[in-house]
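Next come two complexes, and both contain chain A; in the first it sits with chain B, in the second with chain C.
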Partner chain A sequence: MNRVKNRGLWLTVGLTLAVGLWPPLTGDANNREIVVTILMYAALASSLNLMLGYTGYVNFGHIVFWGLGAYVGFYLMSALNMPLVVAVLGGGAASGLIAMLLGQAILRLRGAYFALATIGINEAARAFVSNFEPFGGPTGMSLNFKVYNAYGGAMQSLWIVYWAMLLLAIAAIVLSYAIKSSKFGLGLTAIRENEDAAEVMGVFTPTTKAWAYVLSAIIPGMAGVLFFFKNGNIEPVDAFRLHTSIEIIVMVMLGGQGTLLGPILGAGIYERLRGLLLVSPLFKNIQLVVAGIILLLIVLFIPAGVVGWLRRRILPLREWVE
Partner chain B sequence: MLNSLIPSLADGLLLGLVYGLAAMGLSLIWGVMNVINLAHGAIMTLGMYGVYLIFSTFGLNPYIALLLVAVIGLAFGVIMYVVSVHRVIDAPHLSSLLATFAVNMIIIGAGTAIYTTNVYNVDYSLDSFTIGTFTVPWTRVAAALGAMLVSGLLYLFLYRTRVGKYIRAVANNRAAAELMGIPSSRVLALSFGIGAMLAGIAGGLIATMFPFNILSGGAYQLKSFVIVVLGGLGNPLGALIGGVILGLLEGAGTAILPTTWVPVLEFVLFVIILLVRPSGLLGTKR
Partner chain C sequence: MILQLQGIAKQFGGLSALTNVSFDVSQGQILGLIGPNGAGKTTLFNVISGVFRPTTGRVYFKGDDVTGLPPYRLARMGIARTHQIVQPLNELTVLRNVMVGACFGRENLGLAAAEKVADEILEFVGLAPRARQLANSLNVAQKKRLEMARALASRPFLLLLDEVLAGLNPSEIGDMVSMVKEIRNRGVTIVMIEHVMRAVMNVSDRVIVLDYGEMIAEGTPDAISKNDKVIEAYLGDPKLAEELAD
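== the complex of A and B ==
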């Protein structure tokens, strides 16, 4: 029972709900668009944290699962006329499956070699999908506008996507917490600290790593389907952007890798900051420069991220912030 | 078939040498300090703009402009090392990857603000010559020769000078090198500078052949990754051979396959080599 009563879990879920329930209460479309993006990145960052923060494997290809899942879901909807629910589940399942197959191969690599391989996979996936005719090749696919009628029109569909995204973000948090407080999670942490020692101590590392990789892939796959369903069309350049992968890494680092609240907080701060910089006349043109400087300062001076820093400086917070 | 294969192979060979030069910088930095420089492509772009700006404002011959670009690249690399890499040199890989990526963001952001993403072109040509039905622009030959010259100089520097020996010593075992009285921080900064210089020169050479924009470096950076893995991470001279292999593959690929499939081939090959022989085709087994 102690696991369910954990304050850190409830604080994170509560915070996400508080932000997530704000647009439905005000009914403002503008707020909804801002928050839905934050929720999506929160889900992506939180799932990446399973690999990056818990297991210590730098994954530059997290967005591959988002893109491939989205493509599979999109294909189910546009070519086979499946409902959204099936598409979302199908996208998640496809991403998990791909992660399992890929993981067999690339999880044998460690450190920088793994990081390089994930960059290669990102590019290979984009190049492959650009040439894959069933997925529309370089021009991608788009949804017939009639599809939205099944969900009560385009307006209503946006709200459906919103609620689903909120659910996904919460699911990502609960999954992260469940893993963190389990024996499996301890195994992952052991791998992060010293993989050889973990193996000697009885952690069966190949299976443990493979499961972490699969679990981190499912939620992005589902989020991808929702995002591109909302978008109405999907193209290889949008679906496999290496830059987005790295932005998600930045969010995890900013909030604090290996923590529960960190990725959520990081996603919120980064997205809001980007929003503010984009509309400010002074920083509009140099928002990338500002983001780069902030990233550099974090990496050089507070590598533990906001949450890690707070936990170290303010001891009473440790009971509240996981 | 054969008629198109030979010219594209020759073309691939010439380009491959330039790719190899770019990859050499990445490989040197990795070999000496175990850092993957994610700003590599951005520094190549700086080299392209350097040659363009010097050529268009001062009217200087692009090949002389390259000398200036080399000096600027060296200085830039040393400064970048001191500001952004030195603090995280012993931290986990993620830190140095992100620190160099932050520099990449800053360069690309500033460049986009100043030059937008318009395409630029160094308006300088050297004529071309024809063999049979096949035309080669002299700029390609010059770029390939330039790449070989710089690689040769790097080899002499690394294996025939005292400072080169320091660099190899630090790459081999930094702690032991320090005990022998080698100023390792300065050697690291210099190695990073040389890596950036090679990227800058390669970028400049590419600018004499192709039009470019601020984002062009990214594609060449990815090629550099493939090459570095082909030639063995941390083996700068293997990188030149890796570059030639990639160039030839690209040449053969474009002659046989539809052009859009060539990147698929490249990256699948990349991942396979990483898996089967992470030390590279030419690297020694560890």
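== the complex of A and C ==
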């Protein structure tokens, strides 16, 4: 049984590595930019899956962790001249801490009420940062171009971000797998299926949910720092986009919530699709409409997502696809 | 005394679901809890298992005051229950359902040990052939067994059974009753809510009758079936009264 389960992990990591190693092998800058975005969304979708797929809590505020972590990391770099590694770790830690505090308040809510609260948090975070002077208020912060010299110049920095993003995506997969095959993960699925019954059976629901929330927040915080380090500047409107949160939900649902491969696959498919739509004259202004339609179709017809659907239809796949 | 209730009352707004309920349950007993619909039996279970906090009164479990503790703490201390309306974890297999009980119950086992316990328990309740099926594919009788299995997997000291016989056919009832006796023989104290009168009278050491949230009688099955107040409470339902008199 364990060997079979491991196959699911190796397949997902292998697939991510195959895609992830392609740009460095070809050395193509264009490919690198496409893949780095896919990797980032893979990490975001996979970490959101801990809440959405494992615990059954719909979180519209996942991007808040990305944005706030990025702001903290960016502040460490631009104001305190910390190295990128410290900024990334700091951003992740900050997001985890924020999740812990927020969780105390909103994890008491269930279902639609929790989802609504997370939308509120997204708006509140943007409003807060827009008025927070140390973070540059509405205009945000910029990195001095000299910062990149410490990493061998701008070009080299892009590759550093690339490798770090690949590492994060794989870390998200390994974390998801470790949780899924643990007692903690069993507690999460029990909460997803029936929180009251889980409580009566002895699952410490408040702490269990809080840890899921914290663990799902750390990787986005780190990814945010990397993204905005590459970007060179950060503004509230870029850091807290509600529709990006929704797009991450679409990715998880598309690939298959609660599965290991699903969010990764969903991120890849959705990002490629968006790439194609953005260059098409017909769709470039309405690509979000397509996201909306995809979400609608999934919820109506294949709520288990691509991976869930395949697992149900093609039984031999179960040994390989987790 | 494994369980002691002292002056339990529970009010929902202006409605009194329970008023001044006090009784003890001693180790190894089977206590039957009967009463007409809406008498407050399930509410009492919710109070004992920590789902509701009583408005007044105290609950003692193995001598400790556990009033108002959350359900998961009580589960860890050794109180397990089944639900009248079955609550399976639908998208998990039968085995995983039972593993949740073993993992998070009194023994707080790791996954590997929990799987072993779950296998044993599924064998005991007769669900072993269905272990790999999803819980939502079971029929009602099987789901009741699953509820029982999950509760047992936590290796409880006190087991609260909420109408495990309802909706079962006579042969299934027979199986379930012998299972309940077997569980008691293994040293688990049982409180059971039941409407199937013959079964509860047959299996219980002691019976408590609730009506409109109040305890109207307490005693051996024999004494209860001859108690005037009890017969009166059931008069609205002549068939049940007849069964009692049997």
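Rule of thumb we're sticking to: the second predicted complex is superposed on the first by the 314 of 322 C-alpha atoms of A that agree within 3 Å, B and C clash if a C-alpha of one lies under 4 Å from a C-alpha of the other, contacts with A are read in each partner's own complex, and residues count from 1 in each chain.
Basically, a residue touches a chain if its C-beta (ideal position, glycine included) is under 8 Å from a C-beta of that chain, and two chains touch if they have at least 3 such contacts.
In this text, all values refer to a predicted model and were calculated from it rather than measured experimentally.
Peer 1: Under the superposition described at the top, does placing chain B and chain C together on chain A give a clash or a fit?
Peer 2: fit
Peer 1: According to the stated criteria, A:146 is in contact with first (chain B), second (chain C), both, or neither; which is it?
Peer 2: neither
Peer 1: Angle at chain A between chain B and chain C: what is it in degrees to the nearest 10, using CA centres?
Peer 2: After fitting both complexes on chain A, the angle is 80 degrees.
Peer 1: Comparing chain B against chain C, which has contacts with more of the residues in chain A?
Peer 2: B
Peer 1: So, does A:205 touch the first partner chain B, the second partner chain C, both, or neither?
Peer 2: In the superposition, A:205 contacts chain C only.
Peer 1: Could you look at A:293 and tell me whether it touches chain B, chain C, both or neither (first, second, both, neither)?
Peer 2: First partner only, chain B.
Peer 1: So, does A:194 touch the first partner chain B, the second partner chain C, both, or neither?
Peer 2: It touches chain C, and chain B stays clear.
Peer 1: Quick check: superposed on A, how many Å separate the nearest Cα atoms of chain B and chain C?
Peer 2: Taking the overlay as described at the top, chain B lies 9 Å from chain C at its nearest C-alpha.
Peer 1: Shared contact residues on chain A, chain B side and chain C side combined as an intersection?
Peer 2: In chain A, no position sits in both the chain B and chain C interfaces.
Peer 1: Enumerate the contact residues on chain B facing chain A in the complex.
Peer 2: 30, 34, 36, 84, 87-88, 91-95, 97-99, 101-106, 108-110, 112-113, 222, 225-226, 229, 233, 258, 260-261, 263-264, 266-268, 270-271, 274-275, 278
Peer 1: Show which residues of chain A lie in contact with chain B when the two form their complex.
Peer 2: For chain A paired with chain B, touching residues are 52, 56, 58, 105-106, 108-109, 111-113, 115-117, 119-121, 123-124, 127-128, 130-131, 138, 246, 249-250, 253, 257, 285-293, 295-296, 299-300, 303.
Peer 1: Write out the stretch or stretches of chain A touching chain C in their complex.
Peer 2: Chain A residues touching chain C: 181-183, 186-187, 189-190, 192-194, 196-205.
Peer 1: In their complex, what parts of chain C are in touch with chain A?
Peer 2: Interface residues on chain C, with respect to chain A: 49, 51, 70-72, 75-76, 80-81, 83, 87-92, 96, 99-101, 103-106, 108, 110-111, 114, 150, 154.
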